[in-house]
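Note that the chains take the letters A, B, C, D and E in the order they are written out, and that residue 1 is the start of every chain.
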Amino acid sequence: MSSSIIKKTSTATGFIKAIESGSKHLLMKRFTLRFPEQKLKFVGDGYQFDPKRGVGIAGSRGRHILFHEKCTGCQLCAITCEGIAEAIEMVKVNEKWKQNKKSIMPQIDYGKCVFCGLCVDACPFYALYMTNDFELSSFTKEHLIYTPAQLAVKPKYDGTVEVKIDERGASHR
Amino acid sequence: MTNKYSESLDSKFKETTNLGLEVVKEASEDRLMKLSVGPQHPGSGHFRFTIKVDGDYIVYCDPDPGYVHRGEEKMCEYRNYIQNIPHLERPVIHDSTNITYSYSLAVEELLGIEVPRRGQFIRAIASELNRQVYTLYWLAIYGIFLGHSTMFMWPTGDRELFIDLLAALTGARVTHAFNIPGGVRNDIPEGFKEKCLEYIKYFEKRLKEYEDIFYNNPLFRQRTENVGILPKQDAIDLGVTGSVLRASGIPHDVRKVEPYDVYNEIDFKVQYMKTCDSFARAYVPFLDMRESCNITRQLLEKMPESGEVRVKLQSNPKGRIGEAYKRVESGRGALSYYIVSDGSSKPYRVKISVGSFRNILALPHLLVGSRLGDMPSIYWALNYWPVEADR
Amino acid sequence: MTDINNDINQTTSNLNIVEPDLKIEHSLYSQLSSEFKDKVRLVYTKPNRIKISVEPEHIIEVAFFLKNQLGLDHAESVGGTDYPDENVIEVIYHLNSYSREELAPIILALSTKTDRNSSYLPSLLPVFKSVEYHERETYEMLGVYFQGHPRNERFLLPEDWADIPPLKKEFRIKGR
Amino acid sequence: MACGGGQVKMTTAPKDFRFGSFVGSIVWLLFWIIVIVSLVGLPLIFIILFYIPLPYSNGEVITPYLFLSMIVDPTRTIPIIKFLIHTDFFRAAVFPGFMYAALIAAATIFVERKFLAKMQLRIGPLYAGKIEGIFQLMADGLKLMSKEIIAPSGADKPIFWTTPILFVATAAALTALIPVAPGWVVSDLDVGLLAIFAILGFFPLIALLFSWSCNSKYPFIGGLRALHQMIAFEIPFILSALSIVLLSASLNLTDIVEAQYAFWFFAIAPISAFVFYISSLAELERVPFDLPEAESEIVAGWLTETSGMIYGLIQLGTYLKLYVLAALFVILFMGGWMGPQIFPQELIPAFTGEKIYNATVVNGIFWFTIKTFGMIMLILLPRGINPRIRIDILLHTGWYKLIVLSFINMFIVLAMIYGGVITPGGLQ
Amino acid sequence: MAGELASEFTPILYAFGIGIMAGIPSLILARLLSPRKRYNPVKFLPMECGQVPTGEGRSHFMMQYYAYILMFVVFDVMSIFLYAWGSSLLSIPKEATLPMMAFLAIMFAAMAYALYLSGRKGIW
């Protein structure tokens, strides 16, 4: 397998090739994603789970969205999270749903969440999905705790930028 | 192990330890300067090794990992088989698919389940893409360790391509939590295959540029060739693995010697070099990346068009009493899990044997006798990820 | 002992055994049992895996035999498991071979047991250089003192670790 | 129940923020500025106005009061400007000297960042300043200014504080020797070239002093490396300029430029130019010769213990040095300010008569700046494409290869002179 | 070449002074602007990669390249001698080059031997 050993070039050729390769890139497109101005386009609407088939649906794993009309307060998400991040806590809500006798719903602490999405896998009632929104930073820790009401809001995420490849190299557009 | 430095030294200053290392005795201690490399050193990572230098030569080296010890093995005993996955990938988040791969294999053996064929292919694809991500990151740091800032930026930029692919596939950019006992979490999204093929084609073009500016650069050659030679027999004795082993002339790749999942259907070559020096250790991962492109292409072609990707598990699976030892080839070499089950839903004992921990054993043997300036090129060529070694 | 510098691509592709054919594993054990009789106890054989159990006093000679006669030249991992019910700590060396290509897929698990309260085991460092750090790790994680190992000292844990070895079962994670 | 509260972006200030203390710090700052201005600035202005002899203008000696009146009438300021720009102080401080060099250094830093970023397919500074982060350097300067300076315990405090200033001052002294246009040089010495080499020799000494004063190991090794680098490259550096001295038979930099009126010495001494270029890279501690600051080996080398403005000053000195060496290359090999006359004789009629606008001088400055900048780019280039070299290879390169190369070119030049192809002092 | 006057060097001193004038105020200003918190003595320890420093910072330290330093002391002077010759090449007769060549030859031989010795790391 001597093909795996590259040929040793002479010193001058090596330098010239390196300079050529470097200066060639002065003409190529910049690759950087200018984040706050540009946002990446993600696949789908977010990570979802199909309990019947037992398979997830591809999508990015950002902040959760909670469907109040489906949540039964079964605590399966909290039990799953207990061994992983302990981010989910079941809290009392002031809402009355007929499928949710105990009136408890998950409240997620994004200071602890690792975005593994196993809580979505665990939910047997399609009540917990994940969305594309990943910009969750805040100045205080308290603001990272999302109550069930906050989780019910569908975030807006308008990422449009993708990697495009042409003869002048790859760039984010 | 002898070297140029110790040959030049008077024998009364020399001493061979019972580990086979030739170090300088206390008698000449006043010549030596003790340097601590790490944990806050730009050239160490979360890792520390104490070196003693005599002028420009390193005469003593003592690695001291443990600065990011997470106690993964202990944590595993408190969580069930599924819950273990998100935290098991933390030791090496750049290679998170591979580190959960062998865990999944071992748990599958304990649970007695078989992964559907399409699931095996998706696993292998994710594993190969993640190997690229890891190797590019490694290469970027190797570049900046040698003072080559362009080689830091290019791989980190190109790594983004594979991160995008993995994000499309798994939903997360770095910590995927994708492999799960019984298959993978979700199916391949639409348009993934075309995108993947396009990116790989572009990436193979980029690899040529890497060769021009980095691997064929005479200064890089000067700095790495004939530096830190780990002969074949030493490599075998020290039990190093992965690219370090293959750079010492032993074509050992777990994908080849003990093919798991679908790797026996893939046609690929084990890349190895016989020069045993730092250059070989730096170049073998590069060849692996190239080979990985081929493997990914074949996997995408041979993958069945449809089918199950995951076995439906019960909610809290219980392993059979017994033990399993499974290994995969990760970015740093063989990564194996030894799992003992006592019949409950939690593993009784999980032992992770990682490539980094095995490779770092070679560090004192290589560093002693080499120059201070060779330290970064030897250390990082060992394909070492400090966090992984600490587990 | 064959040299594996030759291209192994062709030879290894048919090494994947679909049907469990435990020929190599059994031959390994038969060689061991003919040499050591009942000092070596077979625990299980699985495809590509074989586990044997030896008493601590015989482990060095068994290890020498494994290395020199059978060609298992390095340890992939050394780990210990704590069994408080049986009052033993089991230390397992997972051995593998680089120098014999037909043994490359095989992992031989060499296990030995020691008392839990006074854990002393002979170090395999004279046999396998590769166990140096693994044994140090086992020492601090399980408190098994390896006689003959030059550095039974702290490796991964903090310098000021004063608790019991963390992988023993009586060490509990906080809050669990 | 609050609805949709999660979508409000929390833009509150940190908890411990108090507006009163913020205002207080500004007031405190203003107080100090006023104190310094009134104690130092005002007396300085009075000294200048009353003790420095001012020139004659329109037949009368300019008094401070007349001086103030000239601000109102622009035409009457021309003699003052003319007088001022021919003082040594102005030359040393502003035009061919410090300010000019510092401006070029600032431009170099910006260009280097953008240039490297482009080569590495990224953007570089972007947000400071509206256009492409053009005020990044200013922002960095402010940041360095407001950072705490930590002198390590056990350091030799007087040396620790003075060496950065000495570093800048030595680099500034170098700028005084560079002629940028005919007649425009601060100090036109007959031994200008030697003086430059002599002053350049101070830098490793300063690095060594600083590293010694820090009482720390990594700076110490870095300082020693700086010394070794000087040892390896000083001799080829000096010898490569020797063939130019043979060609022009002078050590005066202005004379060397004048000797190149017909052709650049680069045409005769390309090997020397190459050696000079490599050696100046080493002299500047730039990649691939940044051994004294090799971050992955010895943290930051002799700059390990620098913090805040001390680091800023050393960087300023380094870039001044970069300008000087690029300018020296231009003077020795690329004909200095020589270039086609592109500026018309009368551009600004009002100033022409007073000999402020001189077409030849402006033309020389223009070409000199262009060439110097090109040279600076050439010095920046290796940073993008080369890894760091190792110290033994460095010494080997310097002693075994570069010295021989520079001698080869010297003998070629000598043979050409004695063969009658060219005469000393250029083609005559 | 005309003799140098000491006054011709004074502009260099001006420039040097301007460098100092640029350096000192910036340090003073930085000292005024920057925070100075002295509550943590560990902060002022010399850099030792996060460890408490051991041993001396300034110590006897022998680089292996001592031979080159010795060579530098000798040959740096030689190169300056060459300058004296080179700048007066016009005014000296052609025959004066011959002794210069002889000088160079001797120096080359010496340098070659010194380089050979310095290559043998063992003796340093």
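The working rule: contacts are C-beta pairs under 8 Å (C-beta built on N, C-alpha and C of every residue); 3 or more make two chains touch, one makes a residue touch a chain.
Just so it is clear, the structure is predicted and the values come from calculations on it, not from any experiment.
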Requested in this report: Please identify each chain that touches chain C as well as chain E.
Outcome: B
Query - Graph distance between chain C and chain D, where chains that touch are linked - result: 2
Query raised in the report: Could you name the chain whose CA centroid falls nearest to the centroid of all protein CA atoms?
Result: B
Report summary line: The chain whose C-alpha centroid lies farthest from that of chain C is chain D
Report summary line: Most contact pairs found between chains D-E
**Report entry** Averaged-CA centre spacing for the pair chain C and chain A, given as whole angstrom
**Finding:** 41
Query raised in the report: CA centre of chain D versus CA centre of chain E: separation in Å?
Result: 19
Requested in this report: Averaged over CA atoms, how far is the centre of chain A from the centre of chain D? Could you give it in whole Å?
Outcome: 48
Report summary line: Rounded to the nearest Å, the gap separating the Cα centres of chain A and chain B is 25
Query - Per-residue overlap in chain D, given as positions that touch at least 2 other chains - result: 119-122, 217-218, 221, 299, 384-386, 391-392
Query raised in the report: Got the chain B residues that touch at least 2 other chains?
Result: 33, 41, 56, 78, 150, 157, 213, 217, 251, 269, 274
Query raised in the report: Hey, what residues on chain A touch two or more of the other chains?
Result: 1, 18, 21-22, 25, 31-32
Query raised in the report: Linking chains that touch, what shape results: line, ring, star, complete or other?
Result: other
Query raised in the report: Every touching chain pair, please?
Result: A-B, A-D, B-C, B-D, B-E, D-E
Query raised in the report: For the complex, which residues does chain E have touching chain B?
Result: 48-51, 54-55, 59-65, 121-122
Report summary line: Listed in rising order, the residues of chain A that touch chain B in the complex are 1, 4-6, 8-9, 11, 14-15, 17-18, 20-22, 24-25, 31-33, 40, 42-44, 46-47, 54-61, 80, 83-85, 114-118, 121-122, 130, 163, 165, 170
Query - Residue numbers on chain D that touch chain B, as the complex places them - result: 116, 119-122, 217-218, 221, 287-288, 290-291, 294-300, 383-393
Query raised in the report: Hey, which residues of chain D end up touching chain A in the complex?
Result: 1-7, 10-15, 115, 117-123, 126, 381, 384-386
Requested in this report: Enumerate the contact residues on chain A facing chain D in the complex.
Outcome: 18-19, 21-23, 25-26, 28-32, 34, 93-95, 138-140, 143, 146-147, 149-151, 153, 155, 169
